[in-house]
Amino acid sequence: MSKYYRTSKKPAGLPPGTLFYGGGKKDDGVVMTVIDYGEDTFTEKVIGRIEECFPFRDEPTVTWINIDGLYDIELVEKLGERFGIHPLVLEDIVHAQQRPKMEEFEDFIYIVLNMLSHDGETGRIVSEQVSLVVGSNYVLSFQEIPGDVFEPVRERIRKKGRITKSGADFLAYSLIDVIVDNYFTIIEKKGDRIEAIEDIVLGDPSPEVLREIQSIKRDMLLLRRSVWPLREVISGLERGESRLISAGTKVYLRDVYDHAIRVIDSVESLREMMAGLLDIYVSSISNRLNDVMKVLTIISTIFIPVTFVAGVYGMNFKFMPELGSKWGYPAALFAMVLVMAGMVFYFRKRRWL
Amino acid sequence: MSKYYRTSKKPAGLPPGTLFYGGGKKDDGVVMTVIDYGEDTFTEKVIGRIEECFPFRDEPTVTWINIDGLYDIELVEKLGERFGIHPLVLEDIVHAQQRPKMEEFEDFIYIVLNMLSHDGETGRIVSEQVSLVVGSNYVLSFQEIPGDVFEPVRERIRKKGRITKSGADFLAYSLIDVIVDNYFTIIEKKGDRIEAIEDIVLGDPSPEVLREIQSIKRDMLLLRRSVWPLREVISGLERGESRLISAGTKVYLRDVYDHAIRVIDSVESLREMMAGLLDIYVSSISNRLNDVMKVLTIISTIFIPVTFVAGVYGMNFKFMPELGSKWGYPAALFAMVLVMAGMVFYFRKRRWL
Amino acid sequence: MSKYYRTSKKPAGLPPGTLFYGGGKKDDGVVMTVIDYGEDTFTEKVIGRIEECFPFRDEPTVTWINIDGLYDIELVEKLGERFGIHPLVLEDIVHAQQRPKMEEFEDFIYIVLNMLSHDGETGRIVSEQVSLVVGSNYVLSFQEIPGDVFEPVRERIRKKGRITKSGADFLAYSLIDVIVDNYFTIIEKKGDRIEAIEDIVLGDPSPEVLREIQSIKRDMLLLRRSVWPLREVISGLERGESRLISAGTKVYLRDVYDHAIRVIDSVESLREMMAGLLDIYVSSISNRLNDVMKVLTIISTIFIPVTFVAGVYGMNFKFMPELGSKWGYPAALFAMVLVMAGMVFYFRKRRWL
Amino acid sequence: MSKYYRTSKKPAGLPPGTLFYGGGKKDDGVVMTVIDYGEDTFTEKVIGRIEECFPFRDEPTVTWINIDGLYDIELVEKLGERFGIHPLVLEDIVHAQQRPKMEEFEDFIYIVLNMLSHDGETGRIVSEQVSLVVGSNYVLSFQEIPGDVFEPVRERIRKKGRITKSGADFLAYSLIDVIVDNYFTIIEKKGDRIEAIEDIVLGDPSPEVLREIQSIKRDMLLLRRSVWPLREVISGLERGESRLISAGTKVYLRDVYDHAIRVIDSVESLREMMAGLLDIYVSSISNRLNDVMKVLTIISTIFIPVTFVAGVYGMNFKFMPELGSKWGYPAALFAMVLVMAGMVFYFRKRRWL
Amino acid sequence: MSKYYRTSKKPAGLPPGTLFYGGGKKDDGVVMTVIDYGEDTFTEKVIGRIEECFPFRDEPTVTWINIDGLYDIELVEKLGERFGIHPLVLEDIVHAQQRPKMEEFEDFIYIVLNMLSHDGETGRIVSEQVSLVVGSNYVLSFQEIPGDVFEPVRERIRKKGRITKSGADFLAYSLIDVIVDNYFTIIEKKGDRIEAIEDIVLGDPSPEVLREIQSIKRDMLLLRRSVWPLREVISGLERGESRLISAGTKVYLRDVYDHAIRVIDSVESLREMMAGLLDIYVSSISNRLNDVMKVLTIISTIFIPVTFVAGVYGMNFKFMPELGSKWGYPAALFAMVLVMAGMVFYFRKRRWL
């Protein structure tokens, strides 16, 4: 997979609506959890077969089905059939390389977001697709790999928070909210890294820093591509006509929208700071070249002339009157010292020393 | 806290509407002042308990409640309840890392601005969030830290200026006006600093200037982020449908709008001048490298050939006829002088000397 | 033909509507294939004379006529006459240097796309114009050179896939879809090349890399010019009023639209990574200059002073007391070693060694 | 005052509508001239007291009152009262640091423009605010400093040109027209300067050129800030609803609009040419460094090896057979010449000589 | 005249509607040709006095009056009077420094375009204004200098092509078409030049190339300024409401519009390739500096240490045991060769040799 973008591994020319898993590692199994809640009821269970969650579909309570791992295509197909999801949407859910987007359908809204996490080992940002299908009384969430940022939402449901008094749209809002809030963590980490590199670059940069600048630049590109479409997605939900989003939830979506704008602002600020780093690196190197050259110049310039004088009196001419003089040697030494002192004085004047 | 942006310290996943203080130092207490005025009445007092200001709510006179310090969350909650403010707004007021924005509600308008000040010690710009809640007959203003630029407005109220003949909307306008006017002071200070750096860079720059350029660049990013949304905020107020802003006040808002545009213009100009500084710095360094190299070249080039001549006559061959000649030494010296003079002449011609 | 763009070889001033072939090599013959299909029928044949396909025009089944090679102008004119295509469209089909565009006419829609392929020999992207004329029950496709990416579509028709249950608009969608999907392959190849160059540039770049950077830059320009207009073309089809595109097909077009957006995103990301490469190359070169200079400086600085000392004691003055001393030589050597050690110590301290 | 922008010296917090002079030098007196004309009448006089012009207000003829010097605030206030001008407009007129803008009021239109002139001494552009208040039968023009470009308009009025057959709107158009035309003069002068600098930079640039580039850059920023808003101002007048601008005059305003667009075009072209200058300067310096290094390298490289040879035969070993040989000296000299010639040949081959 | 733009030589302050010739050389006379044609009639003649073409005005056939040379202002005035052209349009026709634009009037459409040609001598692009006045049954075309690209249109009229079956709007379209097509020729020439420079820059650039880059940059600015407004002009004609343009002609205008877009695309591509050239030039110079430095370093580093050794044994100390040894000289030589070999080995290892 390319370092800059995730490309369609799907062989070009597959018929549309063909489910094809395009995501990453497949080593873990698929995990399915169902949370069903109302003001008074609460059920939470991990299910083994997808059919177990079908009964919840027709109950008035809100049902949240979360699926970790996308490679069991058959499972997704069954779910899609039961919940009446368009085949193209199923293809997008499974393909897992979508751009964040929002699509309104008659009976549900389809939302794709990127959940970012920080890979501790490589220091790189890892992007994972999260798909949400929001119906009138259910939310389906699909993630590529296990481990998510949804735990606080689950906790709030368990604790019978405000969320249990609202519908599926509020649950969807809550999930989007934690994903967006999570961006701040990522940005902060990248920000710290950029500041560290800035200090290195302003101080005593080694060529390795170039590689790191380039690597962060790539991460920033990834961040931007995840973050910019977010704005449209959320404002689409907020301003959309769909009857699935209540007016009360829209106020909260406006709040997430503000967060998204702030995320974009921060990303752009980081980008601008990044942009200057390479220039500063080049300046730093020029500066050091300058330092090196100055030392070379000073040493050379001081010794070259006096070495010449020594050379003159090292010549073997028979008739060199100075050589016989008693004061020749001290005079020559004195002249040399004089030249050296003159040079030093000149460099002092030019502020090179 | 990052140097580039203020991030959400709020733990991701907190339920929406949870008040969480996200701002800076907490060492000073909360200070609450109430100013209530009409054409004929005037009351000004510092209150100890927030409940003391509640009676003013129902009087027809204009009431301005100013709160310095945001970490007493309970206080803000009480105030919000009394004045009927939406929990999400309270969250924004207290969270203190908002982007300048304006939100119209049924009974009030919520405005967030950044008040900038110049930290004398570090020379950096310090940003503080100011929230205004403008109702039909009251204005609530919230600041993160004590010390504000509102004193002239208070003075005008005390002196029974034009402001006392108008409603709460005009008071809000006055507060926005002084905040925007304050930006000019900040910009001017930064402008002076940039000019100073420009002079240094054009003259004899040291590497420390790089660090300063980077630091100002950061300040400019902060300024831009405060200033650009301002435009929308004010034009939103001016063109908004809200019955809370009278037509008379809108003429004045158009005036502040012009100021905001000028602030943006100035910030962009500074930015453009900044942008070139790094390039000029690199040029300056290259120039100096050139100078250093020229001196080195001239000295080396003059002495290397003559030193060679001296070396030749320092050889110990038995049969070197020149060595025995009476004129050998003077001839050699003369040849050396000739070579040197030729070199000097060549450099003169190439304009290196 | 220019390396940057394909220019109009058509002599300026030809009357409009004059068919003029402006494309590339003409060495291969024109190949015409007809596929006619309905839910129950299927005909596929290579035809020798264009007239053979005319009967299909009036049958209700969907007819796809594909023409490889554009230089038989007479053939295109006959086809145009039979299918009632506007002369200006025929001119565009044949001229083969169009920008991707979409034009709605009364009876058909004219679509121009660029099919890109990767020339294995030169490593450059090769662009070929594909014109589609979509009528109510037929699709005409024109390609400059034989060999296309349409084979999977043919296969799906042969296998009586979903495509055979839909109209000509769905066939057109399928053709556009495979062309767009094909871009991902091209982008991936370029991406791999850019990453390879990045590694070279960050490592040990030779001047040849400049030539390659410039060549890839040119390819990226070509890609962008093919890809950006795509967006308008597809959204034009999706949102257009034409009765030729059914609502069912529009859902699929929205899907291709998303793909096109992702293609654009990827191209822009690659472009941004490219943009930095030249700067990094310059940094790398500066770095190496620095290395070279450091070695020169260290060697020179260490030996120049001691060589001077040797020069002094090589002078032939009669009265040089040190020369006669027994400890003169060892002392001189010792002094030299001392100076050298001092230099090395100094360089160590400055971290140059 | 900053070099980049004119800032608000008005103390932040002054009540709105307070007249405060924010402009430049105050040493000259205020000069007031009145020109009143109709098809048959013509009066022109310099007045001493502002009240002298009040009678013209109610006459049907067109009255043009021009005021040079803005620091007599009382005078402006009186005039504003008589002509019914809004206090905020008076504040803007006097404050003299406005951005070009146009505001429509019930009874008049307020226009702010920048009149630019070229300061012969410093070579810098000087900006002066010109305010126009256009009523149904009068035009008030306010300038900061005496000396304007309006003389040709006066001349045309005196000569009873077309202008005397039209209303106040045509007079306003004529004033705007001469101001815009004046920009061409300024641009041409800057253009000449930029071309001169370009020649210097391409030739033999000295570091002083950096300072000049920076100074012109600043002027271009000023020009842009004056010129861009112009577009909106004039198109606002042309497309505005105000009954004060007749349809006949709008045709002429379209003409000025075209001029303004051309001014903007020219400014942007100059800007782009400027943008490259710094890069070319750096290239030039690099080029020269290259030249210097080449000379140093050639001289050093030629003499260093032969000096070594001389050094070898200057050694005092007892047993050095060559020294005793009759051909030693000539052979050594010949070897030296050979090495030198080889070097020169090598440099020729590498095209350094 | 400036190298970057053509400025208004018209003295600022001339009354509007004053005809003033602002173009180039005046040495050739004015040439007037009239072509009058219908489906059956055809007249073509060069006329000496402008009055000779007046009778054609009232005939139903299409009349094309072409005027080469604009400095006979009286002639243009007469023509304008006869055909009822607005004085401001006449001013624009004669002034000859307009930006491409289109203006609809009651009875005619006024179109300004730039006709570009390639000056063989200087290699620069020469821009000439072409004005078209399109009425119901006539087209007036005005050119600054003789020699045009209209010959193919004339030929088509003479040959009774499709053009003679259409109205004046189709003639105008044909003229615009040949002008736009002509841009491709210009762009191709510039493209070839840029590619040639690119090869030079990537190879062995001399400083003269800088001057050429700057000169082409200027040409590209001129091209852009001619080409960008074209888009608006043609789409204005195509989408305009004027009854003078028939629906049939609009289809053809859409075709020219596509050409204009492609022209813009090509110009922008060239611009982007240009943009990188300066950077590559700097890289090339740095590369060469690197080469030069490497040679200097290698030679110096090899000889400096051995020269020092020679210096040591050239010292005249009485007690230097090595000097008396029989193996001293060979040992010293051997040591020198060893040091040299070590250096060469080191350089080989670092890949400098």
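A few remarks follow.
Every chain is named by a letter (A, B, C, D and E) in the order it is written, and numbering of its residues begins at 1.
In the analysis below, a residue touches a chain if its C-beta (ideal position, glycine included) is under 8 Å from a C-beta of that chain, and two chains touch if they have at least 3 such contacts.
The shown structure was predicted, so the numbers you read here are calculated from the model rather than taken from an experiment.
Simply put, chain B must spin 70° to overlay its Cα atoms on chain D, rounded in steps of 5. Per-chain CA centroids place chain D at a distance of 26 Å from chain E.
Work out the mean CA point of chain A and of chain E, and you get 42 Å between them.
Within chain E, the positions touching two or more other chains are listed as 279, 282, 286, 289, 293, 296, 300, 304, 307, 311, 314-316, 320. The touch graph of these protein chains is a ring, one cycle where each chain has exactly two neighbours. Each chain touches the next in a closed loop, which from chain A via chain B reads A, B, D, E, C.
Residues of chain B touching chain A in their complex: 2-5, 7-8, 10, 12-17, 86, 88, 91-92, 97-99, 101, 103, 204, 207, 210-211, 214, 217-218, 221, 225, 278-279, 281-282, 285-286, 288-289, 292-293, 295-296, 299-300, 303-304, 306-307, 310-311, 313-316, 320, 322-326, 328-329, 332-333, 336. Taken in their complex, chain A has these residues touching chain B: 149, 151-153, 155-156, 161-163, 174, 177-178, 181-182, 184-185, 187-188, 191-192, 194-195, 198, 202, 251-252, 254-255, 258-259, 261-262, 265-266, 269-270, 272-273, 276, 279-280, 282-284, 286-287, 289-290, 293-294, 296-297, 300-301, 304-305, 307-308, 311-312, 314-320, 351-352.
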